[in-house]
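In what comes next, chain A is part of two complexes: it sits with chain B in the first one and with chain C in the second one.
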Partner chain A sequence: MEFTSVTICAICATIRLLGLWAFPSIGNLLDKSVEFSTPVTSYRSLKEALVLGMGSSNTITFNNGYYDGGVVHHPPLLLQALQGIPIAYHDYLFILFDCLILLQFVKLTEQVKRQNKMFINIPTWLPALVYAINPLSLMSCLSKSSVIFTNWCIINAVVQAINGNIPITAMFISLSGYLSLYPILLIFPLINLINLNSSNPQKVNNTIRLILYTIYYCGFLIFISYKINGNNWNFLRANYMVLLNFEIVTPNLGIWWYFFIEMFTEFIPFFKGTFGLFLLSFVIPLAIRFCAQPFCASITILGWLILTKPYPVLGDYGFWFSFLAYFVPIAGYMRYKVFSMLLFIHGIMLSPIFYHLWIGSGSGNSNFFYAVSLVNALAIGTILSDLIWAMLRHEYDGETPNYEIKLAQV
Partner chain B sequence: MSNSITTFVLQGLLLITGLVIATDESLSNTETKDINDQKFRTIDTGIQFPYEERLNVRPLPHNHLLSSFEFQMNSEPFFPSDSSSNFDKYDHYTIFPKAIEPLLRRTDVRQLHLRFTRGFWDSEEWGRLPHDGFKSGGSGVELWALIEGNSKKDAYKKWKSLANSLSGSFCASINFIDLSKTNYPVFSFNPQERENEGIPLFNSTNNLYLMHASLANEPICTENLTPLLKLLPSKGKSGISSLLDGHKLFDSIWHNMAIDITTQCVNDDSYSNSGECFYEMEANVDVVAHIPSILARNKNPIPKPLGGDDLHCDLSKPYDAYQCFPSPETSEISFSLSDIFGKNISGSNDLSFTHSRICASISENWLATIKVDDGLFGTDDNCFDLTENRNYDIYMESGSSNKVARNDDVPIYVSRSLTGYGQDHGGLRTVFSNPTLEPVRLSYYESLPWFMRIYLSTLKMEVTSDIYQNLTFNDIVESQYYMPAIDRKRSTQLEFIMTIPANCTISLTYEFDKALLHFTEYPPDANHGFEIESLIITILESAPYQLRTATLLLYLSTPDFSMPYNVIIISSTIMGLIFGTLYNLITKRMVTMDEAEKILATRSIKYKVMMLKQRILSKLGF
Partner chain C sequence: MGLLTNLHRKVIAMGLVPKFLKQLPKVAKLLMLISLIMIAIIPMDGQYRRTYISENALMPSQAYSYFRESEWNIVRGYRSQIEEFFKNNVTAQERNLEVESWLQDFGIKTSIYHNEVHQDTLYGILHTPRGDGTEAIVLSIPWYNGDGEFNVGGAALGIGLLRYFSRWPVWSKNIIIVFSENPRDSLRAWVEAYHTSLDLTGGSIEAAINIDYASNSDFLDYVEIYYDGLNGELPNLDLLNVAIKITQHEGMKVSLNGQPKDTIDDNGYFPRLRTMLLGIRDSTFAGVKKTHGNEAFSGWRIQAVTLKACGDEGNIDITTFGRVPEAIFRAVNNLLEKFHQSFFFYLILAPKNFVSISSYLPSAVIISVVYATFSLDALVNTPFGSPIFFNKESLVSLVILSITLVASYLLSQLFIYATKPELLIGFNILLTLIPFLIKKPLSFFIEPLTYRIRVFGYLYMSLALTSLLVINFPLAFMMGILSFPMTLVQTEQSKVLSNKSTALKNMLCITLSNPFISILIISNIVDSELQYLDVFYGLISAWKDLSCWTWFVICIGWFPAWLLITMSTVRSSRVNTVNTSKKQQ
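Showing the complex of A and B:
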């Protein structure tokens, strides 16, 4: 069976529109669930900014701009852009962005197939279809979590990097960093991706250009934001210090929240540093170790960021799982496919139940939800280690897979 | 000036000593019981101080009694231009509390308002609050002050110092007022009056800063009353303040203690720094008691079932030795203030220009008489001056106690409640109900703690009356001030000036998220919840009135407080596990099993020992 990109877009939009039509209040409901929304990505804080922000005609307005308070954590350019779109159309805007992401997935598959023989057997429509019918990305779209804009920037950056279009890659990777900080770290595998088929002197040249362009775009975005924000730097604190410092402790699927609730006050800064380092720790090593497979390295690094970032949402997971479709050719090497998937499903199924037991009915306590976040971390960890193992095996075997041979590491 | 004060005081001291000698003789053949109390009194001709005290008792429906104590005093005049390091004069406090005046000088306070309130004022039954609500606070402790400072930071520093000092003087947790609890009201607490009344600036380069904070979960107890009594010149030993006793005062339905200090300058031209100023202090104690239950407790301190003879059965229903429907509360009542407060009034105060005065605001079907020693006397206006140093008591009775002197109705009813369930989200719903035939213009002052993350984009207004169906929020709100909270640093401050149309009920709702705190930030009884301070409504037009809603109890989700070590260990284990696995994967070499076994074999201790042995043997030549 073949799907064209138009068909997949139609499927994607239909499912989402059906969801909207059948459950009109589902957006609100999902926006309030900890799995799909965090203080830094939630639609209700976005809406608060749009309704009470600059240039709004509401009776109540912020006296000192968006960021003089603890509710708004979206960057000024995003707010400015969304200000132009009436709130009634936002549902459709998010569906549109999901379709744009889909189209990029189709484009990406075409390109990687052309670039690397390993992917030749992947149907062009597969990753896009995974994204379209994946319940996680579907619900994330309905919850109108702003993570969708970051994801769109990331996939554009990857597509442009494979194209070798340095300025556009730099622009998109800066944008994704501007929107939610951590994706900027993907620049390391993207450097390899751009340099994949270039000669040595060209490599240095490309790398320097990409880095300089990224610095330029980041500086430009920050400066424009500074101007838009009424010559005030306070958006930096609201957008990025909140992430680096983990200032808002709310339950989520990550590993940070309970650790810092239960941490003794004196040690909080030390462990925030440790967690920050933990997040950074595997980005560059993975990029270096798999410099010959930069596309797969990007996917593992994306997974690593989802595992270690302070405010992960299921929207991130849905996006990442679509990328896992590119591992289909080497899936034969994976050792605990079933185990890790079951672990993940176990976590996903139990998280709303345990959350309700703790918060809603009060018959459980916080340890229930904490256990779920640990299971999630373990699931992502297992999937990551499996992916890396498969990449190592692929590296060892070359083009001809040999499933018989037993390998070990020393 | 300081010289004249000195001579004045010296004269006063001479007079007092003279009088003590005189009264000692005259008292020797009268009652000896109160000699100690009377020793230091100036009887008729003594010096008088700017001090006044009054007690007003007012029966409320359903056998409740409101007693309002009022004390007023002024400080000695002083010149703002005199610096405190000026040693030419010494500070001199007559009746003004020594604990307060240096504090006011040190922190540059121009106005200070402190409230200790607990209980429920039933405005639908009892009508307006005493003093139109301007002397009562929200449940807990409330403090606001007007402080002179050269910057907001400077004023906050003084405010913090003031709070810490008051905390010590009043044995209350006022020292817990910090950045996250302090607000700077914009529309409320009549800042317009600040300009009109010309509250003096002692240094014309400074500004006045109005700061407000409340501690809704503060319990009010005798340890807060005793410091208040100590501020009075009579120290609770004579005059009407001798009635105040912690055991009885706090055993009430609603009680309120208030201290208001203002700076008054005689010279209008206060900016020239030459005016003479003084502090005026008012202390109020208001208490509502349910009389029958207090009388019952006096009679029977340990609750016991009533005997059959003491039961009042409803005669319209069947009753016999085994069944009895209790009759509705009796409307025949008689009591004395000593029943209510557990003490007699011991004497008058003789410090002031006027005598201590007790007034009863009663209707015709009530009778109020004063009991002096053993005689009962009544007056036409039901007001009694305490002129002599005797024991006084007020006796009141009524045959139909439900008919009371009608208090004016409240111009507006406001109530606020929490909506929603669960411990992660919630909503606030405020209902304004204007029963009058005129629109009411009011200011709305709400301060919410930072752990309520409010979303004003969800604000909705509902109108119940049909005539006002098309009313929108914009129509009723004139101006607004919204300062969103910052985690751990600032609370939300929301103020409106709005008009509620006549005969109309309006409800405002909006949603909020509940934050999770660090485990050390929870109070010892975390599952009790957090008290949210009252909403303060001030009626701005025609008849000024102030009212506060009940405080709310907000439940926050709690972590498991026994888990710190477990969480550190388990989370670190998981992180270590993942890190270790990935680290091994990307740093180790891929080899086949056979190769791996060979390599591993060369790494074993046995192999190494064997190799060593071989080497040694080969060295030895074997």
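Showing the complex of A and C:
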């Protein structure tokens, strides 16, 4: 069975359009569910930002109070780009972006197959197909969550890094950081990826170029935003400080929110610091340890960011799971595949139920829902540790899988 | 770390893991037994707890109750008037108008909620002289109770109580009185309308007391209290405790789950076990069997109980019974917050004994683990070499699972539009015969596939039970036990090839674990109210009238798993059992 990129795109678009057509209200429903929407990524808040900015006119007027109201959490350039598209077409815009992500997956697979013999047996269409039929990415697309734009930037950055194209990589990674801050940390594994694949053998030179380009693009994006926003810096606070400080305390699938409830007021600064450091502290070590396997390291770090970020949604997971297809060649090393998969399935099945018990019927409480958040985190943590183990074994066995040798993990 | 390493090495050296994996079916059966034992020991001394009032503000029976003999004549007067309605066959509309005028006499704001399908409901609001009127307590009195008897005593008592309440300035919550035609659909329709469309409302309802006194006698014998809500919801244990405590304080005996009078006073292991099991039964079939009125309030964060006066002889008079709602209202009136202190998940063993969720949930979790273990067993212990989870058979099974899911959903919808239980049972008996009838296997239906289908069948059952067990423990527990026979099924060609006795045993297990057949059997055994095929009509009317999900849980949670297991017993084409251990890639 072979799928061309056109076929996969067609499958992807058909499934999504069918979903739209068969359940017209599913978008709103998912957008209200805690699993697919957070205040910083949901379509509700995006629409609110657009409507609030536009009023009755056709363009957003970024007056001084626009970002001060605590409602808008999307960067000015994204809003600027979206204002021209009538709301009725937004559904199709998100489907289009899903297809673009798919095409990048196909491209990515072709490239990694060419460059690393480890991936030679992966069918070119597999990761893309996983993305197309994965219910999580499907529902995320239908819920019109704005993570899709971030994801598109991330995959573009990875593809370009494997191409060894430094300026474009820097542009996309800056763009993804500009949209939702944390993906900027992917620059660390991408440095290694570029060094591995660039035609220029001078590693230091490449690294410095990538960093400088990234700083340049970030500065450029922020400066443009500053200008668009009527020479006002307040968009920085509304977009990024909200994430760093976890300013909107609402339940979500992540591990942050529980510690920011009123009961722990005294410790909130401490928790902010701890979670921030926690998120940061594993990125650089992972990038350094796996500098020889930068592509796998990027995937692992992306998973780590999703696990520890303040406002994760299932759309992030759906995107990340498609990347896991690249681990198929060394899947034999993973020991808890079935366990972590079952854990994850239980987590996502129980989370709406426990949320209902807490918010809906009132017979449960926040502990119920946080317990499910922890189950989810445990599932992702198990997958991550499995991936890291597989990468270590792959290195140990000299890049030719040898499943006969048994090694103890402890 | 060193210790762990040693342990790990030792485990590997002794080969414990493969040995353990070989014994999985036994482990699972053992777990099932443990789960049953865990439930059975709950009523033993030392395992359960005495009830207590958790919310200090409630203070049940701390204030003196004044609803005494002075009110008796008033209640009697209303009762004789209401009896006239019944004797003269007055229409519901005229009766509502007449009662409305009585309520208006002492300053109640009234309104009639008109509903074409579920009949009219009269309700009135006594606005609180104190407080901001954002909260309310409901006194609901269905004109006809669950048995279809005219609720003459209850109606007279309700009007008398409200007249008495209206002369009192202590209320800090609005008091709402509701006269629905029946305690089922019409009360449910009113509750829904109250939260969506009614104009005259009195704030969020904190608690609802349903009164059922279907006799014109002045005296009663004892009181039955009903508390099971729909979809596994229970009222906060504080409210139930308050109701029980007050009833006993007024000198009446309390019967739970409809136990007859002569068993009320029994104390000991077996009476407690009996009360607990009856509670599980009633909660499983809540909404399916006759309702008492408290069920109608489920799903809106309203704590509700039903007080039913039983017997028309005895030394308790109607005003004593009236003092129970009075004192409950006084207690709830004291609340400053919503009910949140006490338990929402519990099992009652006796009026004064209970266990909370932490005591009984583990056994339900274990039942869910049992199915997960069988799923693992079907994955690991196959004659086809080392298990690879992600392969073609898995994909095919997944597709089959999706198809059965859609089919089950369609079946559930179809049955709602055409409720024909005989056809349903016949159809299912036919399904159980299919493994017998198919002699020649289809070419794609190879033997490894049957194992993989079993993996998904048990896994699905386990998932369904896990998701259900916190929402509706009794239903999850019942489903887990009733579908246990399906784990004893053997795939057709494992070891004993086409053995007649194996096939017969398979068919018996499959028949017993069929959701519809086993529900039919169990409802006829445990519940005298649900005779013959009543349970299916009950399930459908519970969905239509009360939006109770039990029917869908059975159809979508249980039936697909059963279909998969049945499918796995169908004769399959054989493949070589030689270890074709094809590694991934």
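Keep this in mind: the second predicted complex is superposed on the first by the 388 of 410 C-alpha atoms of A that agree within 3 Å, B and C clash if a C-alpha of one lies under 4 Å from a C-alpha of the other, contacts with A are read in each partner's own complex, and residues count from 1 in each chain.
The rule is simple: a residue touches a chain if its C-beta (ideal position, glycine included) is under 8 Å from a C-beta of that chain, and two chains touch if they have at least 3 such contacts.
Nothing here was measured: the structure is a model prediction, and the numbers come from that model.
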{"item": "Which superposed partner A:337 touches (first chain B, second chain C, both, neither)", "value": "second"}
{"item": "Which superposed partner A:362 touches (first chain B, second chain C, both, neither)", "value": "both"}
{"item": "First, second, both or neither for A:406, with chain B first and chain C second", "value": "both"}
{"item": "First (chain B), second (chain C), both or neither touched by A:350", "value": "second"}
{"item": "Touching partner for A:71 - first (chain B), second (chain C), both, neither", "value": "first"}
{"item": "Dominant toucher of chain A (residue count), chain B or chain C", "value": "B"}
{"item": "Touching partner for A:90 - first (chain B), second (chain C), both, neither", "value": "neither"}
{"item": "Which of chain B and chain C A:32 touches, first, second, both or neither", "value": "first"}
{"item": "Residues of chain A at both interfaces, chain B in one complex, chain C in the other", "value": "362, 406, 408, 410"}
{"item": "For the chain A and chain B complex, residues of the former touching the latter", "value": "32, 34, 39, 44-45, 47-48, 50-52, 58-64, 68-71, 247-251, 255, 257-265, 268, 278, 281-282, 285-286, 289, 307, 358-360, 362, 365-367, 370, 374, 377-378, 381, 384-385, 388-389, 392-393, 395-396, 405-410"}
{"item": "Interfacial residue positions of chain C with respect to chain A in the complex", "value": "1, 4-5, 8-9, 12, 233-234, 299, 301, 338, 344-345, 372, 376, 379, 389-390, 459, 463, 466-467, 470-471, 583-585"}
{"item": "Of chain A, residues touching chain C in the complex", "value": "121, 328-329, 331-332, 337-338, 342, 345-346, 349-350, 353-354, 356-357, 361-364, 368, 401, 403, 406, 408, 410"}
{"item": "In the complex with chain A, residue positions of chain B that touch it", "value": "421-425, 450, 453-459, 473-474, 477, 480-487, 513, 515-520, 557-560, 563-564, 567-568, 570-571, 574-575, 577-579, 581-582, 584-586, 588-593, 596, 599-600"}
